[in-house]
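Two complexes come next, and they have one chain in common, chain A, joined by chain B in the first and chain C in the second.
Right after this comes the complex of A and B.
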């Protein structure tokens, strides 16, 4: 009788089990949603960190100037909106890309100057002790907008901790830009998505009189990004995860350097002296058929070079022997100095600029200039405005960090600013060095930084 | 006679012409780029040395879409004030070191010269601390007061050499007539050193006019920038260089310096070659 009772399902048991089942399914759905999909209902429930703006706050912001005119226009409009909502004031200084780093470093050292800086790459990791903890804002934004891409966590958090010292605000994504008609003329429907196919396509283009062009000079954006992509795609890296063992002199690097010689043979003469503007000029003047670039070629061609614009196509960097995307794009980080007299206003401002109403408009009107760092913004309609800007939304998802696979800090920053990887490739392509000698030279330089 | 002319042509006119082409070509390139449209600049089928379709769009961009005239005014202010401050200090320093001959004066002269050799990239952080403490950050006075740190050593060194070429007897005569040191300095030394002072002034003015690092570091507001920084920050955007307006800015930005040199060229040459012929 007792046993029978145990097997029988009573009404009370049914209700309990049903409730548990429903709750279980509900929880499972909830966790699946929160893991794999952004949930607007949940996002709406995330409450912003309480930040009481200081009285008569005046925020001084230092940021890079963009080549897309609407970037500054939308940024300034969003800033005005914030001023109106809060009653605080903002003074924004725009500087060229390269100059932001030195000015921010000086201000960090002196302990005075701007409150917020929009810097590049691993700038915040050069002086982490001078920066305000922005974990509350980062956590809030991550929860609300589907989470940060893994590489953004790497860039934003102090290495080995969960403390956010910067908010990766966006990436000036880099993609392959090519001339559709010339690629067809060379016998390809489109540029292949793997490196061996890519080289074959470039060789066919060269044979047809349409050379390629990739910067091998000290180009902050264009030089660093494509050479790192080539190195990482072949399995090479500068340093191991421990940040001490130099790994550049490896068989993977040698393979990458051997392969790049084939690509170099398809390039136009003079790339060794190319800086960031040169490939734009060469592409827009019809000298080259393929290059890697942000959306500046697309943007400039929209208004001034309609013929080039019609024939322009973009795609993400081809995948190499490692079998997965391994790219580098320029990433910008917003950070707040501890010396700011208005820390709450600074954090409030950054939170405001990341909110969908502002960030969405910023992305939408800059035509793919800024690649999102929060996963939810991947689906913004802005990315579908033109098929040539759609690949740019993949850039952050596909990228690694400079100094991979080691930590970020003064060593990775020095290696980048000294163009160790770019020079290694240039040594092989134009300097006449053997791949082994170039890798050894790079190893010597890296040892100096990673002591 | 014909042979002499030929010789003169090859020895004088031809090298002079080549030298002029070499020196003036950058100005011509700036001029040509200023008046070309973007389409023409990027059209490699056209001869790049000629202007095929004249365009004023770059000038319009420079003068109406950037505060270029304001930058020019700022640069004038900074160059003139820092030159006046530097010359005043250098004249006294050079005279003191060269003529009064106090204990350690020659060592001080060498020390001042060494100050000039310290690169600004090393000095700008300590100087930044001072600028922030004096509360003159983002003010033109920051530049007017910082530039003399590299102008004074240079001008002092230049003037010391110049004072050295003025015969001491002139001062001794004035002293015998009862003139004081200050009277001698003002009435004898300064008038005789005018070419030297002018050449030091021209140098100081040019160095201040072209300075980039401190102007970039200590000035933030766009309307307070100098020409050298303003052009780069407003017309170089990422990997897009607005070559037309940039070249127009470089051309118009170099005109004042060229004028200063052309007005004072005789004094400048005299200043570089020595004071008085004995």
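Right after this comes the complex of A and C.
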């Protein structure tokens, strides 16, 4: 659907360009089919939206503090580069990633504060009328860099419209991390890519004394991502497309909850207390054999745990009975408040940070911590630096959006912040509830948010 | 003439006094009364962060009454408060009596007892987060090294253990408040009372029951009320250690309200959750003040 829309846009834009006489002389020889495809040669000619930076502009940016050290270093270096090129100033405030949402929401409420925010998930959909239209920058970037992944269009556009209220700047992609030697010891060449095989492998690992570990506590990132993957992979979902019909209490969900009990039995005790840092610590200390995580385990092991690093392997989440990848990865969205006195500088800055020279460096230096949202960046050299980071480039392509299959907004945000899905799994694994009772409890919670 | 009138006006009973209190009143109104009234108002609206809400009457409260998590939170809050305050009182009183005796290094011991109260809660809680870690706990490590256990204690991973763990941390943090407060009270008790009791052949228990406790009672009730208020409305300890998990087993009103209002964006509902703290604490204060009046 998103692909189709994009192709139509490309065609329309192409017609505009040719009417204006800027399409280039070789176009007459192109087949009709090629007109609908992204063309690198044409992309290079796409001109950036004219944004005249305000005089003496000082840009205030709020963003999450880096998960990996190099993130902030490269971001700051790119920021300095922009300051040098434009003469404008930037003040960047780094905040713990869990606190960005509340601070940004407060600024949206009072209409003052930072100009740009790098928020998470559906933040922009909580206060869309407070945000600047960034369609010009999004359209330009899409045309220049092969288009946005469909899920990014869901995240960035105001639901049901073509208006971009945020630029999905990158995903903290989540993959399965495992110990190669232990998996071999358990009788598997690698961790299987399907859920029944995955469970069997985890059971074999547990038998060999190498338990798995997936966060079942109120871990905003690690808890939500794997439980949503498990639910969606079994065909379950929180809500239907209409955003009103609660769909959680389904036979698919019950199946997912039944199956998760088998996985839970392979886990190390204590996962119900795990917050976001726990699985990293457990993996790096050799307590667990398999977990799901961003590339911070790889990054930390590369710097401080060389033995673990040698034995570390990563892969994308296995595919479940639903038959296609259905994952949730954390995604960061950059948005500009309408209250900014420097809207052009803000948009110009974001466009600059998305350009290949800056974005490619960011990707490369963070070892792929930030997964690309523009399709062309799939082929950045950064992804070939180490085979363990290559799977991360698939994350955005394979993921669904928070609140799938409904729209994003206050209901989906509240459901995630209240850990409805995480707690449903914890109800079964830790609380001793039956799958039916857990699904019913989740249904009651969701009904409240989606009424 | 005019200046004489102004001076006369200022000298009228109550006028100057009122004017002197205006700055303090303004601060109280602005920083205490306004947020309180705003919070109560928000609880009657469907305000979502970034959007203006409308009046919905008691809808938020009715919804909460139908919410399992809310009742679990209410249960957790009561267990947390009663459990923590009870042990803080007993242990704090015991420590105060011990520290009231004469022994070498008394001053140093009193300073050490104050430490948990002085250390920022966020800092000490992070330490306890590690001490009670389900996989890396130093307690588990020690027991395993001593051969007493073969697997770590699942401190924060099971619902019962998690509740006990957060209560223990709260007790640790709150004991100094009881100890130092009651120690000050113990030092005001006239020693001749104890001497008279000794002459009458009273046992230590009788002396405690008939002299110490009755004379400490007014102070004890005030300290206990304050502790109930702080424990009932706690936030940072739980938020750092468990975020209300596992499976909402350690959510108390403060954390649940924050989660709903700030993380989830539903300000109206979050305000309604925190509004439940108010009547309970109001009743506590009422009971204490009535008791104190009676004592006077």
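Keep in mind that, in the parts below, the second predicted complex is superposed on the first by the 413 of 451 C-alpha atoms of A that agree within 3 Å, B and C clash if a C-alpha of one lies under 4 Å from a C-alpha of the other, contacts with A are read in each partner's own complex, and residues count from 1 in each chain.
In this text, a contact is a pair of C-beta atoms (placed from the backbone, for glycine too) under 8 Å apart; a residue touches a chain by one contact, two chains touch by 3 or more.
Because the structure is a prediction, the values reported are computed rather than measured.
In the overlay built on the shared chain, the residue A:109 is in contact with chain B and with chain C. Of the two partner chains, chain B is the only one touched by A:94; chain C is not. When the shared chain is aligned, chain B comes close enough to touch A:67, but chain C does not.
Of the two partner chains placed by the overlay, neither chain B nor chain C lies in contact with A:50. Once the two complexes are laid over each other on the shared chain, residue contacts for A:280 go to chain B alone; chain C is not touched. In the superposed model, A:448 lies in contact with chain C only, and not with chain B.
In the superposition on chain A, A:381 makes contact with neither chain B nor chain C.
Contact with chain C, but none with chain B, is seen for A:272 once the two complexes are overlaid on the shared chain. Once the two complexes are overlaid on the shared chain, A:222 sits against chain B while remaining clear of chain C. Overlap of the chain B and chain C contact sets on chain A: residues 102, 106, 109, 219, 281, 285, 287.
Contact residues on chain C toward chain A in their complex (touch as defined above): 48-51, 63, 67-69, 133-136, 151-152, 154-159, 162, 242-248, 259-260, 262-266.
Within the complex formed with chain C, the chain A residues making contact are 98, 101-102, 105-106, 108-109, 126-127, 130, 216-219, 268-275, 278, 281-282, 285, 287, 410, 413-414, 417-419, 423, 426-427, 430-431, 441, 444-445, 448. Those residues of chain A that touch chain B in the shared complex are 60, 62, 64-67, 91, 93-97, 99, 102-103, 106-107, 109-110, 112-114, 172, 219, 221-222, 276-277, 279-281, 284-287, 293-294, 296, 300, 304-305.
Residues 38-39, 42-44, 124-125, 128-129, 132, 137, 216-217, 220-222, 232-234, 236-241 of chain B touch chain A in their complex.
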